[in-house]
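Both complexes shown next keep chain A, but they swap its partner, so chain B is in the first and chain C is in the second.
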Partner chain A sequence: MTSPPTGEDAGPRPHGPGGPPAAARDLPHDPPGGARVTPPSTPQDAPAPGPARRAARLLPGLVVGAVTLALPAVLDDSALTVYIFLGLAAMVTVGVSLLMGYAGQVSLGQGAFYAVGGYTAGILAVRGGPPIAGLLAAPVVAAAFAVVVGVPLLRLRGHHLAFATLAMQLIVLSLAGRLAITGGDIGLQAIPPFGWGSFELTGAVGYAYLTWGGVALVMLVTRNVIVSRPGRALRALATSETAAASSGVPVGRYKLVVFALSAAFAGLAGGIYAYYTGYVAPSSFPVLLSIEYIVMAVVGGLGTVWGAVVGAAAITLLVQALNLIGTAPGMPSYAPSVLSYAVYAVVLITVVLFLPRGLFPAAVARLRRAPRP
Partner chain B sequence: MRELLTYVVNGLAVGCGFALIAAGLVAVHRVTGVVNFAQGMFAVVAGLSASWLLGTGLPHGLSEGAAVLVAAVAGLLTGLLAIGRRGTTPQSALIVTLGVGVLAYAVEIVVWGDQPRSFPGLPGSVSVAGVGVQSQHLLVIAATAVTFALLTTFFGRTYLGKALTACASNPYAARVIGIDVTRMGLLAFVLGGLLGGVAGVLVTPLRPISFDTDVTLIVNGFAAAVFGSLGRAGLALVGALLLGLAESLAAGYGYAAYQLEIALGLMLVIMVVQSTRRTSVLEEPA
Partner chain C sequence: MLSVKGVSRSFGGVYAVREVSLDIAEGEVRGVIGPNGAGKSTLFSLITGHLAADGGAISLGSERIERLPAHRRARLGVSIAFQGARVFRGMTVRENVMVGAHGRTRAGFAAAALRLPRHRRDEREIARRADEALERVGLTEWAGREAGLLPLGQQRSMQVARALCAGPRLLLLDEPASGLRAAEREALATLIEELRAGGLTIMLVEHDVAFVTRLADRITVLNLGEVITEGTPAEVRADPLVVSAYLGAAS
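Showing the complex of A and B:
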């Protein structure tokens, strides 16, 4: 993960007026110039040296932010739907990326937390609870659920954990299809729209802002986790749990917290989904959904916050474009699903085999290398 | 008492299907360290091909045999993608096989459509101890017994089988004495494809199969394989039979709706119990 240019940034350059960068300050036993002890694994956490460079670094973020805010005003309704689903997928994918890339845990059951969030918001809403409570409860309940299942499951590693989380999702779906409170196979219908007081959020534009507000929140939380001391501990335990534990990292607790955090992200996305579509059923959360999130996270580059969003955007837009082709007149009725399956598969296999760092980090590394003399 | 026996035979037959899938998982995992998520897909491909070949008028036996070969080819292709490229870690290979499983969805829908398919198995029933038992159930049990016997002979008595075992126990030493480890890995994938294919053609007459049945098959097969810690086919067989019995008895005594939960719950409990007995040091890559 250390491309030559990033290494130069972190190395001998004198620190700014604020003393050693924040990343080095809270490590008590670091030698002077300790920034090198934690080699930046992503472009974001490289220390920003001067104000000019800092501005240059912030600029792309500001542009992206402005475009994100401006888009809902110009998109038409069908494009807005795609935009909202893209945001929801990005929210979940940031969590998956954090869990897989930083904590090194594979979850094939992220769709289950999405479902728990959706059902939580849905159940509260159809029973007349205030929508804002539903939206807050969705991530909280999903995280609590993750803690409950995480205590036994996170003892497992690698492929065992992957299958255990997949099993968890199958159990959740099967139960949701049976219980009365979740509406059985038919699911919950006519969930009232989101709102507060007498105001009701009915237009897609409002949901777009709500969704992308959520994405911003999720990204901010993740970024802060990554650059904090626990973030470095997570990176350590992803490499070797034994080594991390012997240097004092509370391995079990940290894994559980990240698992719960990624579940909370998925739960929030699920809650917004329930309010936006007004409908949740077991068939809204197929196993393939969890695989989709893995594809998005892997494509964007595991363990990068922006990469997760890029991956979610790339895959959502690609599948959307193929959907247009698949539903074109003259195509067989199965074309859309076949095309999307094929795309997920081909993209996933190609990226894992040939771009293991992901699309976003690879592109960033190339961009940085280019302008240097 | 009478129905208990029926449930038991039914459960054993279903369990045999899982056992064959599990055996394929074990074969691949032992030799390559990869958990092959596409293992359930081999069974689906074989089941669908067999039903299609029978539809074209090919006789029984020939159709099933050809279907198993198709599954073996699918196994080889999966292996080429998963371990063909040097330096693919088992974790990445798991994700690649996940991708292969999804890719197979696309192919299966194009070739065979998205509706469940089945084909008639062995007709009629036999009376065992005064209880009527479907012949197909007995066929499944017998075929599984033969397959496991062949597997044991293959691994224990043939040069190729011993070479595979050598790769499983120490890939480096195997390479030193001139065994091509990658080729053996591919062979393990072909074996996995064959075993999955046998499972597919045997089970399809019992339960109609469609392109997305592979998730249920792989999860149950993995549960059984976990019983043998993913390395011992004999214990996996025991696990699969227990799993099949548990599901069948649950279904027979009125908990049909909870079949899946029972199987998955069992798997989770076994995995968590196993994990408490192992230290993490043993599992970390050197």
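Showing the complex of A and C:
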């Protein structure tokens, strides 16, 4: 008998109920009906968690939430900028993780949706539209754009889909550089800040809260989707489109919806970016950005909501450190970008080789393995 | 109940299924046998919609289904447990089975994201169906496990549970007994008998002729993509054409 697949070779691997205990592999091959051997109970199979266990589970989330809320108050301006960009990247990466990790579809063009969101908010804002409308339109237009390009693109799979989405971003950037409405290569400048009525959001602290509020929103939406009927269907079609279709899942439509949802997350981040920086141009959305999101998602742990944020944080901070080195006196002008590319490659290869499930799942597994009192 | 009329499918000019016709009555267990390459699995794919027929008609009840995509046919009540173990990886056994109820429920992305009442209602319904199906195939104790780590026999049972979770009108079983041990085979046979007693219509492709003969009301024999005979197990066993097809005797 061939041994059952163990999951380690399964490519993108949504997080199940934690790592399976070694005992699960050695279970007797007993009949479903006959003399049944009760599978040994494991921590994962334990009955419903009591209030204490539930509190222990919520605790890490609460701590992270509190730190996230407290950080803007203590960070200086340049650190706040990094914090905001980190949040924007996390927002996009949660979408990438949903698309790649759960639904098994690759996109090397997530930066295009970020750009569409940024331009949508920017164009509305410079024409005097209310900022709130721009912020809502950014994800909606990005999602609509994803549906339009997704109909032909999502017929492709794997590498073909990756290259097609990459080409899509190049086309978007090229169009943005030529059209009058997007301001050509110069882009849109002096985009008025975000606000509500007569209130204007000008300080970085406000944008930090706006950004991280957005991160919390996309994380909540993703988690809610993943553990429910449409989420199970997405996770199913990632392994077998045939078997998913035979269970009544409209595979094509579901792939389109998840593509649009991930685009909406990127679009929302793009919208906030436009208001915060007050400036969008084709050069704001290089292809490197799309690659960065993939690296973040893979490094953090594909198919985990928290992993996306962990990956975004790890890579953003790493890039910051590299920028310090790359812009040190005596370094050539191309040093920062060369360093980034090199480090993405090194980090990606290292993680895939040594922590194939990503930083976050590896850390969780290590914590769980720690001796219990 | 299922009617297949003159259905063909060729690959590169070679017929995998040629002018196949069969009628299955409500509540019948129909065995489909034939040597390797006879077109049994292709016939199943044509019925489930994973392959498009070159010609011919397929009806479920009064409805023509040959042009519908696979997921629409599933929603009309065509369920299949595939050959081999097709497991949705990274999901628990229970989640795998829950996917089976997809076509029976409607809560979509918005309902799930916003935790609307429809989502709650459907999740309850899906959980009820899944637990029932797990109970039925004896997998209740395995429900919380990662499906990919199950032994082959349990993965098979899980697929049957997934198919049952949809509440099918027609259940297709593609070689459900191959690779199973004697006790597992027996449990599967018992399950199929129970399902028949419950009035479910079943199509069973199987290499093990004894297994099919025991369970099927009627048997269709395919060879080289064509129906060579059809009848009760006793009739089929006595048919010289069947014997020669199986022994590969030159005619």
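Simple rule for what comes next: the second predicted complex is superposed on the first by the 319 of 373 C-alpha atoms of A that agree within 3 Å, B and C clash if a C-alpha of one lies under 4 Å from a C-alpha of the other, contacts with A are read in each partner's own complex, and residues count from 1 in each chain.
Just so it is clear, a contact is a pair of C-beta atoms (placed from the backbone, for glycine too) under 8 Å apart; a residue touches a chain by one contact, two chains touch by 3 or more.
Please read all numbers here as calculations on a predicted model, not as lab measurements.
Enquirer: Which partner chains sit in contact with A:R53 here, chain B, chain C, both or neither? Use first/second/both/neither.
Expert: A:R53 contacts neither chain B nor chain C.
Enquirer: In the superposed arrangement, does chain B or chain C reach more residues of chain A?
Expert: Comparing touch counts on chain A for chain B and chain C gives C.
Enquirer: Kindly classify A:V346 by the partners it touches after superposition: chain B alone (first), chain C alone (second), both, or neither?
Expert: A:V346: touches chain B, not chain C.
Enquirer: Tell me the contact category for A:T242 with respect to chain B and chain C: first, second, both or neither.
Expert: After superposing on A, A:T242 lies in contact with both chain B and chain C.
Enquirer: I'd like to know which partner A:R366 touches here: chain B for first, chain C for second, both or neither.
Expert: A:R366 sits against neither chain B nor chain C.
Enquirer: On the A-aligned overlay, A:G303 touches which partner chain: chain B = first, chain C = second, or both, or neither?
Expert: second
Enquirer: Based on the superposed arrangement, let me know which partner A:L261 touches: chain B (first), chain C (second), both, or neither?
Expert: In the superposition, A:L261 contacts chain C only.
Enquirer: Would you check which partner chain A:A167 touches, where first means chain B only, second means chain C only, and both and neither mean what they say?
Expert: First partner only, chain B.
Enquirer: Share the list of chain A residues that count as touching for chain B in one structure and for chain C in the other.
Expert: Shared contact residues on chain A (touching chain B in one complex, chain C in the other): 240, 242.
Enquirer: Spell out the part of chain C that touches chain A in their complex, as residue ranges.
Expert: So the residues of chain C touching chain A come out as 48-50, 69-71, 74-75, 78-80, 82, 85-92, 95-96, 98-105, 107-109, 112-115, 119, 122-123, 126, 137-139, 141-142, 144-146, 148-155, 157, 162, 166, 179, 181, 183-184, 186-188, 190-191.
Enquirer: Could you list, by residue number, the parts of chain A that touch chain C in their complex?
Expert: Answer in residue numbers: 1-2, 4-7, 10, 12-17, 20, 24-25, 27, 29-36, 38-39, 44-45, 221, 224-225, 228-233, 235-236, 238-240, 242-251, 257, 261, 303.
Enquirer: Could you please specify the touching residues of chain A with respect to chain B in the complex?
Expert: Against chain B, chain A makes touches at 106, 108, 152-153, 155-160, 162-164, 166-168, 170-171, 174-175, 178, 240-242, 287-288, 291, 294-295, 298, 334, 337-339, 341-342, 344-346, 348-349, 352-353, 356.
Enquirer: For the complex, give me every residue of chain B touching chain A.
Expert: For this pair, the touching residues of chain B are 35, 81, 85, 88, 90-92, 94-96, 98-103, 105-106, 109-110, 113-114, 215, 219, 222, 226, 257, 260-261, 264-265, 267-268, 271-272, 275-276, 280-281, 283-284.
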